[in-house]
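First subunit A sits with subunit B, and in the next complex the same chain sits with subunit C.
Right after this comes the complex of A and B.
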């Protein structure tokens, strides 16, 4: 009862302040950007360096067949300015290490655009190198995938990939699938088990792909920040002290703050998610994780604010935490950047979970596991914040 | 109602004491004045008694509860009026009171009645953020009465208010005292203490110098003075004499018996003069 009346009072105050509207306004802006400025269709910026390790005539035959089907289109050759460079390449299977050294030069490569045969979409740009060394060197310098395409005795095509060394397995598997999608690729060449496992992989279009990042940004970061803003507004007005001399407990006060944040976040995230995703996401899971994670980050905000008298003193901690929470967004957009340490940042699993939720084939286990982790962490932080607040009320 | 034994407090947790080994008892129904200059430790003591500050040394029992233990229900019996007003500026005067009332488990007073009492009627639907300092202070004061407190903490209840409003506040405090409310009143205004308090404590540098009723203090320390003007040899002579010393009293008798008295006024030493006399310090 006290909790509910406190909640309504806090909502009333929030509705009369500007933080609430900032968040809503922000959500609307993001939605407009998503709908107007982000093209749903993915304009592929993927590049691929290929070397065909086969007789010239056979190579031309293979390429010509693709062109006839509409899968490849020859465009203007591309010039690459190559730097003088030296590096090592390690074969993952044999462990052999080979050293390469190159001089600076300019290489011109035959360039093709690859199209998706089903949709007719541009998939990526492929550059055909004349020798394997050039291909390896280009892949290294441009930080892109390189591959040697060969034909075995049975006439089956096989690929040997040159990766940067930090890609995830999932990413490497995705490479196989991209090739597998071209119908004339012989299935035997890519018969690895991962392929069948990931065979029904579903991807999000550009616009949809932005939704998890925006939701996590609005929920966690804004929740964390705004709860602190609210606490410092109250500290400024001294109303926490007035609250402390009533029979009501501090935890109720703190909980109503997180409830206000959760309400705001539910509203702002819905503004973004519903128009973009429609009915596709599992909204029960979506709101469950949204509310739990917002609670966790708001509790973190409460905990941090219990250490500082004023928001300016808290600013350093606030800044560092906000930046740290944003780093996993890089990994989200750059699949090849996925170091292990990044997984310990709470927004990393949160982004992945949100992505899982808005996709059709949600990995329920992953989402529920992390929902439980966030709930546990949130409760722990909340208890700590409550404990700290009880100790730090001053006259 | 309040029992304090050997209470000490240091904000820096060292030997720099804001409150130094103080002890006192407050009876039920008493209005107890805590007097001292700025920085004496008044608000610190009140902070400990109301549980806002963690108690460090000594033993404090307030309204039957040991303040060391966290028992929030004790606040059903307690009202606190803060030195610095602290109300929600985004809420109206009435909303501030109505919301606060909901936090108690006991019957509360009508918010409109309280607003009327402190002269804020007509302002009930204005946001507290638009209030003047004095109005906010009155709202904070009114809020402290919501739960009909048995024990009432008043930190500088009239400071910064204009005389007419201060008089209203004083009347309210007197009225509550008549109803049996126990009050712990903190002030550096001796007149307020004199007018309202049954007993006063003089506190300075965190130490209590003495505790007594204003009347006793005046009897004990107040040199009751008499100004006499009389005619001697055709001229008006003026003398100021103390009523407490034997010598002066004989002299008064002498003058009255032998001279023509023009005027004769007695005047009382103020509590402020007594404070200076006892502590050697001014009340700033």
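Right after this comes the complex of A and C.
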């Protein structure tokens, strides 16, 4: 009962403060950004600069054939403001280096959008230069790939790629072998590949894919930061010392603070999740994991704050932990980058579990396992924090 | 006034040496710089991941290793377990006389495309010797991803120093030092500016060390210092406004969270918005600071553009300062 009445009292105080409303305002802003500024389907921003080293008529024929197939679409020409610049280009086979120097000027290029014939989605935007030098300086200035497509007297196609230099050997090797003397044979071989998919697994669209990141980083993880701010505020105002002479125990005080943060996180995360995801997620699991993970991060915050007198002194630890916890976002957005060491960061399974929850076919075992891990970890940290605070009696 | 500001700043400098926080704030961006240097090659080296069986033809394994990150497994079950894990992994296993490509089903299309192309190239016996492609290189060694991460680190350092200033001012307010200043020869404004310069200096030192660690020693240092100095003014204004607008650390924390929106929005806007929509971000000083840093880091900066960007950072920071002046005055009283 004491715990509950303390919680309601703390909630009343929080509702009178600025922070609670900022959290809600922040969640509304994120929701507006998600609904207005984030497209459900990703739009390719890939660009390439091309020069066709072949007779004009043949070049037009090649392009028109792609347009007729629906793979290319002519759009408005693009103007590029070219800077006065000088640079060197190295031929990777011969080692020969050629120096280029250009004056500032404005170049207008024919621009095409290239579409995937199967899905109809935009693959990339291609800019066609009138001469090879323009293509090379554009590839250099814009830091994008550039290529010359040439046709020799025998009608054979060849390619000169202008790479930036940081491309991996594997990628360059791939560029080499993708262009061989028998492109038709290769196309037929690709078509004949047998592909088996283990399941019809649902994928999240661009907007939905952002929900776990926002809930984890703006919700659960913020509990870690905010609980520390709450503790130091109370400490500054002498609330902690006053608490020491009341019949209530320290763990109840700490839990009350954590419960206020859990309430704030539940409200702000609901504002973001419900309008974007509708009824798709398993909300029981969603709120279970959200509350448990916020509790675990808040307990971590309590534990860390027990080692420092002021928020200024705790700031270093706070900052380093917050940033470290954000690193798994790289793996979340680049699934092929998934080193083993990254899986030990608590936010890695948390992001994956949140993702599982908002999908139709949730991996229940995975989510419940990590919910149990976060609960266990949270309880342990809470007990340790309580022990530390009781020992120092200063909270 | 300047000498008084400098005196407060010198006092802060002395105090900071005793305070581990200032040292930590210099050290942390440096640690992240090491982190970026260590793990960006891994991020960049991501064409496609392929799982193969140990019993597979050795020539097939060696062929695919030239183009993809290959993992070898003992049996079919292990391969399937690996494919079913959360990252993108395509398996290529023998089936009859040929090969079968196995996917989990949620991979981007490019993964399937790569796997099909690579296996097809192996089957038709394509090799580098028969290529019709020639490679030229501009000799850039730094990937755009690394540049983006370093630029983000710079933005974060600016935010961090702003946060440091804000928390420090809130602390002084709690201790009633700002009111006590009224009975000293130092004005409240000189006191707060002097204190705030500490955060700015820390940001500058951290940024310079981080740039050296991440390998950007051959950039135009005059330009980066100019951008750094204007960013310093930006961090001063942000910290100053946040600190004086907040009555306690909770409010300062909330204000820090709010400042993350224009910072993150500016980065996302610069990187993702089409050229014709870039103007929608012109209101943000963080956008101009990010843009200027990117141009310097990619060595494509020229003085007129850098002066425009730094000028915009300066003007917009002053606009923020004057807009927040009533709040600042209220905070000082």
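Please note the rule applied: the second predicted complex is superposed on the first by the 238 of 395 C-alpha atoms of A that agree within 3 Å, B and C clash if a C-alpha of one lies under 4 Å from a C-alpha of the other, contacts with A are read in each partner's own complex, and residues count from 1 in each chain.
The definition used in the following text is that a residue touches a chain if its C-beta (ideal position, glycine included) is under 8 Å from a C-beta of that chain, and two chains touch if they have at least 3 such contacts.
Bear in mind that the values here come from a model prediction, so they are computed numbers and not experimental data.
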- Query: In the superposed arrangement, which partner chain does A:390 touch: subunit B (first), subunit C (second), both, or neither?
  - Reply: first
- Looking at the overlay, does A:5 come into contact with subunit B only (first), subunit C only (second), both, or neither? first
- Message: Let me test your reading of the model: by the given contact rule, A:283 touches which partner, first (subunit B), second (subunit C), both or neither?
- Response: neither
- Dominant toucher of subunit A (residue count), subunit B or subunit C: C
- Query: Which holds for A:249: it touches subunit B only (first), subunit C only (second), both, or neither?
  - Reply: first
- May I ask you to decide whether A:17 touches subunit B, subunit C, both, or neither, giving the answer as first, second, both or neither? both
- Task: Figure out whether A:102 sits in contact with subunit B (first) or subunit C (second), or with both, or with neither.
- Result: neither
- Query: After superposition on the shared chain, which partner residues are touched by A:241: those of subunit B (first), subunit C (second), both, or neither?
  - Reply: first
- Item | subunit B versus subunit C as contact partner of A:345, first or second or both or neither | neither
- Message: From the superposed pair, tell me which subunit A residues show up as contacts to subunit B and also as contacts to subunit C.
- Response: 17
- Task: In the complex, go through subunit A and note every residue touching subunit B.
- Result: 1-2, 5-6, 9, 12-13, 16-17, 237-239, 241-249, 390-391, 393-395
- Item | subunit B residues within the subunit A interface of the complex | 43-44, 46-47, 50-54, 70, 72-76, 78, 80, 82, 84-91, 95, 99-100, 102-105, 127, 140, 143
- Note on the structure: Given the complex, residues on subunit C that touch subunit A span 19-21, 24-25, 27-28, 31-32, 35, 39, 42-49, 66-69, 80, 83-84, 86-88, 95, 98-107, 109, 111-112, 115-121, 123-124, 126-128, 130-144, 156, 160, 163-164, 167-168, 171, 174, 247-255, 257-258, 261, 265, 272, 274, 298, 300, 302
- Can you check the complex and tell me which residues of subunit A touch subunit C? 17-19, 22-23, 26, 29, 33, 45, 83-84, 87-93, 116, 119, 139-141, 143, 156-166, 168, 170-182, 185-186, 189-190, 192-203, 222, 225-226, 229-230, 232-233, 236, 310-313, 315-317, 319-320, 323, 327, 330-331, 334-339, 352
